[in-house]
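Comments concern the structure below.
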């Protein structure tokens, strides 16, 4: 497919500008995490620190068990993501390939929960977690977050685009549902799974309203809570250390993304359903 | 008892009835061909057998048991889909082997079957391609291969060779027949290729508009068409159906007429009807540039090259007749005499369009006597 | 949703419906415990006046609702909410749609770079983003303000300016979620059969038309998804920048319904009032969702 | 938290605080560690609550809803009435009387009565013990003042502040003043009450007096009319002061170390300005410690911990780490206390000096108190936007608040 | 100058070369048929003309201009895709009208063309269906209809009728020819149906494995195959190619032999080669149960019913020969004499497999003299 060059160049320009706008803040944040705080205040325009220092990171590592915290965050994000993907996949499969009484109502109810503000469920959920004895515990952080219909929604959309005849062939060969799920549906909805998975991972990774309620001891903190420890309205926020935490917070997902980028982008571009 | 029986089966989509009150039986181990114009319901029938389409009403029996509600996986059916339905994320090899692997068939046996089918469909070299990297015909062959390795009791094929070249089609067909001889599956096969139908079929089912028109052997379908539709549908170019007036042995076309032989004359007279249609296949017409006794005169309209034959389109008293000729030596507008071969003519009732049957002892050029009953459903 | 019923008979699995329920059990349990029960509890609370801890709850009937519905603030915030939704729909649904289309079908080079780069900010938490942008966009001392100053321009005092605050908070939210929506839409557009697009290209159908008449309908399943999560984002995601940067101010000019419910519940501890706001919000969006199901879903193209 | 003990048989209690790492978080950790090391009977677990006292209050809500509570908590002054009206607590003196006869006069001995009064609710009950105290001071950028040809000792009165600002704007193009705008009315209260107004009189809102209106008019004029004062969020305002865009910042002493460490100009703090001819009245910022432990064992442990926190050494540490003013009157001079520290950190001096003028942070009584507080915040936004006149705004808001209050 | 010219065109996917050094010209207004076994590169050629596939090397000219880099929309091409590529979200009507609407063609004209094509492809009644509600053949017709209404200068058809029944195929073909006569597009048409090819084509291009084998008129392709591949590929059953020894007019097959007529004998002798292959089409063999002079003896292996003809498989000295017979009266194992019609035989060089050509003045039964040069590329 061939397109007018001039049009193409205009678009390249638009993309470059957009990307600059999107990426510069990130670079700025990274730069800031290597500045002494007064430098940050007084040399605002320097994206790259003049007096680069590791001070902020040292402060961070001195005050917090940052490896432990990173590990906690990783566990929470990974476990929640995997659980959510599994339940969502199963539910989507049921919604697409079965028909049973009340299916549409149930679907509507589940999808409706996307619009329930978390404020509505916060206190009752706190009670539940407390009764389950899961305060200050990763499970307390994970469990309520599993109730997220976004996955069901997207995976279902994606499943509905699989030509039915593929499932028919498999049914004809007397494949069990388990097999069909694993060998046919799963590979074909991989783009959806990947994108929802990334979404889940990033959002649990960065979640802070809920863990703030549940987690109490520093050893159990997740990274966003660590970030909160450097933000104070009254004493002034320590922006540079906060940026150091931010850098650490984004580094793991980023490394994960970069190492799987080929796979992820590949997934998106080679779904090949049609 | 690997037979399939349709009993008053209907299929309705929304408010279109695409299969109407279907009754017939596919016999155990039979190779049955489904023929019919595009959209007549052939794929729907296969899909009902496979259990992929709900049966609106009526009963479907397989192995003597009512299977209307049996899930497709339990029917022991393999199918080649008209649109292939290949797994896009699996290579050719994976596509073909998948079901076998799931069925836990021995590895060696899987390899054996795979090798066999790969050879049979000339797919060697493409084992590791994804479907999207294949040509149309190659995809079709993979679909066929995938269904073939299965060795199910029932084997359904929906135009499995339509995108293949003639050579490959012939060889694939032969291989399918060999496999059938070995395993004796009950085969239902949809095709638009009449050569394929006649060479492959034990019996042919002819459908039109969701209704069964005829079910019989290829010979009978060709030589003893049950009705005008069958006569016109089978054979290409189609049987010429002419409006005639019949009068005591004389067949009048417009202002001309020719005489039937005695045996026909007696038979037609005895049926008592004279509102008849006359049928003759293009290949059963002898053309002659000079006046012929048992023929009528017409003018050549145009000539169509058909490879080793020529189709000659002739205007006879305002009706178009096509005749096959080995010779190209006809010129447009030329007068020509059209002589139907008496042993190969057909008469149909003008109202019902049903075949009125054939006289006893009508001797065929090829020396075989066809059944002379009027057959529709069996 | 005729497509569903069509799928039903075809697979002939009606008798295995029990299995369908089985697949849903994990989801049903989780949702029942962590969403439906809390939700019902909240409905219950919306009929009481309570501050969440006092041992007595005073039953007030519909008072909370009448208060919410008669409070002009509610309508102001509702207006903000829709403004957020519209802004985010434009920035996070329309633009990524176009971008995805252009990258997939117009550009030939650097596609992968663009994809990766646009996706990058998606990894950063909104709290970080909020703090970062408070700094960067400081209207007096931030780098952007200083750069603008060089050119004699002044950036608006956005944290205190009605209108601007919503725009900037939306932009901050977009900065994070843009890439994700983009990647989703890209995947969907990329999944459309090339031949169908080729067929149109061959007829010299313009790119604009291809976008509207072929890409849009054929990627609509994902489109709808992005549409809906964008609405959710404009409700739930905006919450973080609002909380970190503006606390709904100035004078509720940046509050949305969810932040307001939070504010009522956790800042001024009017639990019943907050519950009523949440319920009204829910009702409103369920109505939208219902309309979506009734009218939009119909137009969504699914392969089966 | 229940009645828990660890494997050593120590009673384990939770201490909830709001101290981010930038504001004494480290000190909390150190103090708790030291305490745990020296105590045979008690082990304290500290929990940080983000989002200051409001955040802590939210977490308390959730915890209380689940039927739990920590043992010792920091309660921001603004939340005192709400806290005492809604949560279970034990006045510290009760615990002392019951379990620690030796400490019977500890509070009397070491705290000024006006300071102790800060922790009394509107019913006059002693809810807790003041722990962190802060007052607003005026930070000045001497370089700018010098450049503008102004007295580098800074303004003494609000009237001077206005004049200074005008000159600064004229001479340097910089903003003159940043008046802190957090999510509370603390600084506003200082401004209004110093002018002779009262936030609350006889349990009713009373800020819309002539003096109150005048004071607010003063602030809005500077922002809206003169445009010599900056109207912006708190963090951003402090950022702008530190980078030299604003000459003066009126904000809490708690920001001292942030400003002192990062400002690269000649910076100083001066006492909160007075209104000409009037007495300065400054609401106390910061927090008290309250005992919310339910079990006796824990209450005992709670006081044991508190008495440690209030020791001279711990107080000194606390002040150094946080920049708050110590509530104990005898800490500043003590050798083991802050003596040398204060000499090194002159900017602390004005805050300590103005402690005599400290009044309680106005906290509206009853359940609607927080709502009233919120209405004042809403009003501030409207006033500083210039969308309403102080006269009209203050009056209507006052009426609305009074309609809510019991 | 609506011609298309391939100049050293190559197409490589990864490391498979699917089109090799292609050189030929499609003349203005010509109906060119692309024939070849499945996977030989036919669709790829169409797609290159349409601009959907990049050309790896070489030049493609359309209208005399190099179009390697011209976007497909600018080439004025319509195409019927092998897998239809219908817009799944548009009804039949919308699918067909879409391009016309985009081109802002007058509403009335659109309706006119739509009506015409609907009639031509018997799609009336399906206007408002979505593609997924159609049968395979109906979908194909919609695809054809969509391309047909366009009236572009170049019209590319990739097996456009493969899923249709014989009748419909014949009528659609005729209609296409009518349209072609009216608008004179340059047509490139892929099919596996040789009857279709011969009836439709001005010229036929024969491809094998990405290489052009022959380009010529249908008659020449049939009667004057350029090489063994062409001879075997065209016609069904395929041309019999026999290993022979040639010795001064005698063609020896195993231990038997027959004599060529004089004209052939002179010609072959004069070419000087005697390492030859002998070719004869099944339909050019006369079978006789009794000894014949110009024939060799063989045994009937089996008989295949081909509708109006029978394919007789004969073993002659270990080589299989297929002959067409109108009669069914052959029994397995029976001795039979195989007599090639002298005017229709072919000789190929054993090494190059190229046709050695034909003697001057070889009189054909149909009285036409074919060009006797050896043609490969034009």
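A, B, C, D and E are the chain letters, set down in written order, and residue numbers restart from 1 in every chain.
As a working rule, a contact is a pair of C-beta atoms (placed from the backbone, for glycine too) under 8 Å apart; a residue touches a chain by one contact, two chains touch by 3 or more.
Computed from a predicted model, the values in this text were never measured in an experiment.
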Chain pair with the higher count of C-beta pairs in contact (A-D, A-C): A-C
Greatest separation from chain E - chain, by CA centre: D
Chain C and chain D, separation of their C-alpha mean positions in angstrom: 38
Distance between chain centroids, defined by C-alpha means - chain B, chain D (Å): 94
Distance from chain E to chain D - Cα centre to Cα centre, in angstrom: 93
Junction residues of chain C, two or more chains touched: 10-13, 16, 52, 135, 141-142, 193, 198, 201, 266, 303-304
Per-residue overlap in chain B, given as positions that touch at least 2 other chains: 51-52, 71-72, 83
Multi-chain contact sites of chain D, meaning residues that touch two or more partners: 58, 61, 65, 183, 235, 239, 243
Touching residues (chain side chain C, partner chain D) in the complex: 51-54, 134-135, 138-142, 157, 159-160, 162, 245-247, 249-252, 266-270
Complex contacts: residues of chain C adjacent to chain A: 1, 3-5, 7-8, 10-14, 16-17, 19-21, 23-24, 26-28, 30-31, 33-39, 41-42, 52, 99, 102-103, 105-110, 112, 114-129, 131-133, 135-136, 141-143, 146-147, 175, 178-180, 183-184, 186-187, 190-193, 197-198, 201, 207, 221-222, 224-225, 228-229, 231-232, 235-236, 257-258, 261-262, 265-266, 271, 274-275, 278-279, 281-282, 285-286, 289-290, 293, 302-304
In the complex with chain A, residue positions of chain B that touch it: 50-52, 71-75, 77-79, 81, 83, 85, 87-89, 98-99, 102-103, 130, 132, 146, 150
Contact set on chain D toward chain C in their complex: 54, 58, 60-61, 64-65, 82, 86-87, 175, 183, 230-233, 235-236, 239-240, 243, 245-246, 367, 370-371, 373-374, 377-378, 381-382, 384-385, 387
Touching residues on chain A, where the partner in the complex is chain B: 163, 165-166, 168-169, 171-175, 179, 183-184, 187-188, 272-274
